[in-house]
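Two complexes are shown next, each including chain A; its partner changes from chain B in the first to chain C in the second.
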Partner chain A sequence: MTPLLTLSGLTKTYPGVVANDDVSLSIAPGEVHALLGENGAGKSTLVKMIYGLVKPDQGGMQMNGAPFAPAEPRAARASGVGMVFQHFSLFDALSVAENIALGMENAPGMRILSQRIREVSDTYGLPLSPDRIVGDLSAGERQRVEIIRCLLQEPKLLIMDEPTSVLTPQEVEILFGTLRKLSADGTAILYISHKLEEIRALCDTATILRLGKVVGTCIPRETTARDIAEMMVGKVLSTPTRSGAALGEPVLKIERLSRPSPSAFGMPLREVTVTLRKGEVLGIGGVAGNGQDELLSALSGEMLSPPGMITFKGQDIGTLGPNARRRLGVLAAPEERLGHAAAPDMSLTENAMLTGADRENLVRGGFLDWPAARAFAVKIIEAFDVRTPGPGNAARALSGGNLQKFVIGREVMQRPEVLVVNQPTWGVDASAAAAIRQALLDLAEGGASVIVISQDLDELMEISDRFAALNEGRLSDPRPTAGLTVDQIGMMMGGAHGMEVAHV
Partner chain B sequence: MIRLEKRPRPSRTFAWATPLLAVLATFFFGGVLFALLGKDPVQSILTIFWQPLFGEFSFFYRPQLLIKGAPLVLIAIGLSLGFRAGIWNIGAEGQYIMGALFGAGVGLAFYPAEGVFIFPLMVIAGAFGGWAWAMIPAVLKVRFGTNEILVSLMLVYVAEQFLASMSLGLMKNPEGFGFPGSRNLQQYPSAHNAEIITNSGMHWGVVAAMIAVIFAYVLLARHRLGFAVRVTGEAPRAARFSGVNPGRLILFCLGTSGMLAGLAGLFEVSGPAGQVSIDFNVGYGFTAIIVAFLGRLHPVGIVLAGLLMALTYIGGDIAQSQLGLPAAAIQVFQGMLLFFLLAFDLFTNYRLRFGRTEAA
Partner chain C sequence: MDLSAINPILLIAALMSAATPILLAATGELVVERAGVLNLGVEGMMITGAICGFSIAVETGSPTTGFIAAAVGGAVLSLLFALLTQVTLANQVASGLALTLFGLGISSLLGQGYVGVKPPRMPDVNFGPLSEIPVIGPILFSHDPLLYVGLLLVAGVWAVLRFTRAGLVLRAVGENHDAAHALGYKVVRIRILAIMFGGALAGMGGAYISLIRVPQWTEGMTAGVGWIALALVVFASWKPWRVLLGAYLFGGITQLQLNLQGAGVAIPVEYLAMSPYVITIVVLVMLSADKSAAPGSLGRSFHASS
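For the complex of A and B:
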């Protein structure tokens, strides 16, 4: 069969970094092709070239045998390339149909458009009502809006950038059903991910990128996940280890914690109840936007709660602010590195001061001890292998993985008794992620209790003793991780959202 | 096509070069403006910047530099704390007036008694007046989420009405032959903010400004509260996460800037101005906003900017009387300074790119 799209020798250089170096691959009609690689391997740059967002410096592309060089996304769409981005570009206050109309070149009238949205959603098993307001939709449903927007243009090649990071396992199954149908109809799919099991379940072929170069191709069904991972990382991975010591007495008790969300489209917390024991790692899963941010701020002290809801070793801490909780030993690391966990334009020394002031004795009578803060920053940089010229560097000059190591390291080094982290390895390369997970496990081993809020189920299964899921601001009963099946996890996460709209 | 591109990190060179470039651009375009008005541009600029410092009558103008610069610096230091944290007190003019009214009110209440305690009491009252006036927008913001820019600005006009009412009514000089305005505090020794060294321009307001500069410098560089101010300005969520209470910070920043503006008003009314009168305020509270930004919101920068602004005031007066330049032209000249400062400021965070650039 003639390939639908052929890339030959694509090279793209940015100042100081080669994003893509002589990348070639070809995709046949109806093929599901995986593009694998760590963060920064050059996956995004490559698909941006196909979608006309970036122009290659060298090399060329062919579509159905003819030269293909889209100058802008519109040209790429006209040639039959559709793309679903990792971050949605939707307006919360508009309906599904209105959002879709906004993204189309020549949108038909609302009635016809709604009709067509229903048709496509029936054909491909993507339950979605065109009249609903996007602000009320779950992440999975929002993704369906984006997918349907693409499908209405009847693409020959559909590019999906990390589509499952926001989905429950059941929603992933629905998505895979859709993708398989599309593939059977002859639509080629370029599937970007770093989740290996998914790729093994879905994709026909895989191209693996590392540091901008193609380092291998494989047939995922016939290759083990471990082998693929080692191709991606380029070295043998060490799996985090822990000893599985017996759990100690209860440390942190959360009882019927209910708080309204501070932001308009946030999620209120509804009667969250859980007890954290000494030396335990509690994993909290769930689709993004189900109360993760709110739970973290309720625990960090950014959001206060009435007495009786949060107790630490018998002391009520719900009414205490962040610094009072830190002094007691309850520490947190939020998800958003730049702007929340760290001040982007401030140096690492200043960022070390940000949360370390009290526990590391960096303040004397209200006056800041900068040499001590600098020493603390250096200690974090050394202990967590943060790659940076020095503690005087601004936080935003660090790569995502390095800053995350710094942010997690800053809290771990303060010897917390309870540490709450949200998305500790989000957007972090595999070896840094392994280091961060190991640090959390070591912390638990040393007698601290850790709450890991994450959307990466593999991560939670790997490091947590018990697992619970947030769904619509409610926390499921925690269960021991050992022996949990994917189905059970999926049901705890609330099953598939919006299944009542259409039947698959 | 020309487009702006965000720099990966702010340019340090530009951060420091911007004030100089702004001054140079103001010289140039101000010169063009004066030329269009039919004046010799070089002579006009020299009159404004050279005469007060090194001219024939500089012995008279140099002390004026301190007298005009001190209130600007004092107010700008307070404003800069709030501006750093993203809390915009635009109503320093009103707080300045209220400080003067409170302070002068206490002084006049004791008239004609003499005593060493009177002036210190006036200072406290002046600080209190400015502080209380600034607490109105602060409390409204913390309690109801109102916009402090609008509230503080509107309160300036309320304060001006108070000033008019006081100089025509309650504080009017009973021996003033019916003229509006209070007794002259310069003629009331216990309440007079006299020069500490004669003919130096050095009065207690200058001392207060110096103390405020040192205080602000230490606060921002070494103290936890100053750190909270800086983090709040840089990343409000990170500040909250680090334990800063945003409400308390608003109260502190608005309160401090109001207090310093009130002090500036008190030192002015009891010293150089001498009396409460309808036209007592001359816009120090608004000009101080320019001074704060011209000085990069940095205490040392503010001192330099305050002196520079004072210079344009004094030089502008000379240019008006000697060259017949209209007062409006001088104001345009001062406005240019802020305009160019903000314009060049853009290049600290952005750079110009020529030609077509692709989205990355």
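For the complex of A and C:
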């Protein structure tokens, strides 16, 4: 069979860095091809060249045997290439249907388009209402917009960049069903993911990139996840370990916490009750948009609650703001790296100052102690292996994984007694994710309590002592992680119920 | 004091005319800002349009040609802003302020020979028997053509932004220029076109003052109307119909307070003179209390890097 797309000797150099060095691969029609590599390995640059966003310096591409050199995404789309971006290219103030229309060459009228969106979303089990404003959607729902936008164009090659990071196991199964169906219909899929088990379940072949070069290809079904990971990283990986020490006395009590959502389309919290013990890691799973963001802001202090709902070591902290809670030792790291956890245009030193001022004594008599803040930033960079030229760099300039290591590291280094993190490893490569998980476990080992809110169930199973699920703003009873089966988890998350639109 | 001297019909007819320069300029600036560009040079483009329109109308004897020249003049001046901010990526606030200063300067240079000259009058649109209808006739059917053009432009801008693909793309560019670029839209080209549209409308608004409202040429005769138009766009939450409402409110209260001054109301003139500004701002602030944010990329420079 002639390959659908052949890349030969693609090279792209940016000032100071070779993003892609002589990369060749070929994809057959209907093939599901995995592209693997750590952050910065050059995967994004490679797919941008296929999608016409970046022009290669050397080398060429062929589609169906004919030269293929898209000058712009429009040309790539016209040739049948669709792409789901890792950083969603969506317009917050526009509706779902408008966003989708913008990504189509010949968009039909809004009414017909809304109808087609409903059809595709029903067919592929990706529930989405065309009239909602994208700014109010959760990360998981935003991704559905991107996927449906591509599917509406009936692409011959679908590029998917980390598509499952925000989905539940059931949703992943449905998505995989969709992708297998597309592949059976002859659509080739270029699939980028860090989740090796998924790649082994889904992909026919895999190409592994490291530092811009192809370092190997394999048949994922016949290779162990560990071997693939070690090819990606180029070294032997360590899995997070913990000693399983006995849990201490209760530290944080949440009792019947009910709060309306600050966002018009958000999910209110409904009688969330849980007790966190000293040294415990509590994992909270659930489909995006079921109250995760609201729970984080209720615990961090961004959203205040009436007295009696949140108690830390016997002290009522529900009415305290974030800084007061930080002084007591209750710290949080939200999901959105750029704009929520970190100020994008400020340097790492300034970002370190922003949350570390109180606990690290970075303020002296009302004046900011910049040398101390800089030293704190350097300490985080070293301890968490953040790859950046220095603490003077803007947060925006860091890759997603590196910035994530920084924002998690910044909280961990402040010796929290309770740390709440939301999606700590979203979009982070395997070795960085392992490092972050290990850091959270070490923190718990040292006597702190950690709440990990995540949509990555493997992660929650790996690190948490107890697991609970959020569903429509309600928290299930936490259960010990050991011995929990996927079916039980699915039931806790709402089972088939979780497949429906979360907000109706 | 004699309030009966104020004729409500004439007052309403006059407020529509008084509001038109602001309406034209604000509608143009609304399109510019919806595309994500903050052009503070509205005042400069208006005064440039005022003198371009005035001089060409005087030279050719045709007010219509004058208005076309005003639009061209405003658009050409806005191209300078487009060059600075879209090509050389200069700061939009500083460039806009510079444009205002430059426009004020070049208009007084161009206008030196035109002080004290009478421009040709633009005749009102002839609606025939319609203008004979009591009340409605004088209010709706006794104006110059540009006033109707202004109203049609508001409706047109609203419809284009809301219902057409071109409008959707324009809003997308203003909302998130990186995402628009990733989808393959020409951010810089779309913005330059929007800036020129805004310049043309500001120029026509200026010419409306020098050819119809006042009609004569004086240095600096736009007297801050461009700034009012800018503020109006923000307070109108970037919505065309609210711009119309704000412009008419402002024009109406301006007319009313002039009439009140004439009638000798016992309120100090200073309070009357400030009332249009205060009342317009209060009303629009109350209206903008709903959740309608500025275009996401407003005022940010765009550079297509990787």
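Assume the second predicted complex is superposed on the first by the 362 of 504 C-alpha atoms of A that agree within 3 Å, B and C clash if a C-alpha of one lies under 4 Å from a C-alpha of the other, contacts with A are read in each partner's own complex, and residues count from 1 in each chain.
As a convention for this text, contacts are C-beta pairs under 8 Å (C-beta built on N, C-alpha and C of every residue); 3 or more make two chains touch, one makes a residue touch a chain.
Predicted, not measured: the structure shown is a model, and the values here were computed from it.
Once chain A of one complex is fitted onto chain A of the other, the partner contacts of A:A101 are limited to chain C, with no touch recorded for chain B. In the overlay built on the shared chain, the residue A:D92 is in contact with chain C alone; chain B does not reach it. Judged by the touch definition given at the top, the superposed model places A:R396 against chain B, while chain C stays out of reach. In the superposition on chain A, contact of A:L354 is made with chain B only, not with chain C.
In the superposed pair of complexes, A:R74 makes contact with chain C only, with no contact to chain B. In the superposed model, A:A342 makes contact with chain B only, not with chain C.
Counting the residues of chain A that each partner touches, chain B and chain C differ, and the larger count belongs to B. By the touch criterion defined above, A:L53 reaches both chain B and chain C.
In the overlay built on the shared chain, the residue A:Y14 is in contact with chain B and with chain C. The intersection of chain A residues touching chain B with those touching chain C, taken from the two complexes, comprises 14, 53-54.
Within the complex formed with chain A, the chain B residues making contact are 8-10, 222-225, 227, 230-231, 234-235, 237-243, 245, 358-360. If you check the complex, the residues on chain A that touch chain B are 14, 53-55, 300-302, 321-323, 326, 332, 334, 336, 338-346, 350, 353-355, 357, 363, 366-368, 370, 394, 396-397.
Chain C makes touch with chain A in their complex at residues 165, 168-169, 171-172, 175-176, 178-180, 182-185, 291, 293, 295-296, 306.
Only residues 14, 45, 48, 52-54, 72-74, 77, 85, 88-94, 98, 101-103, 107, 264 of chain A touch chain C when the two sit together in their complex.
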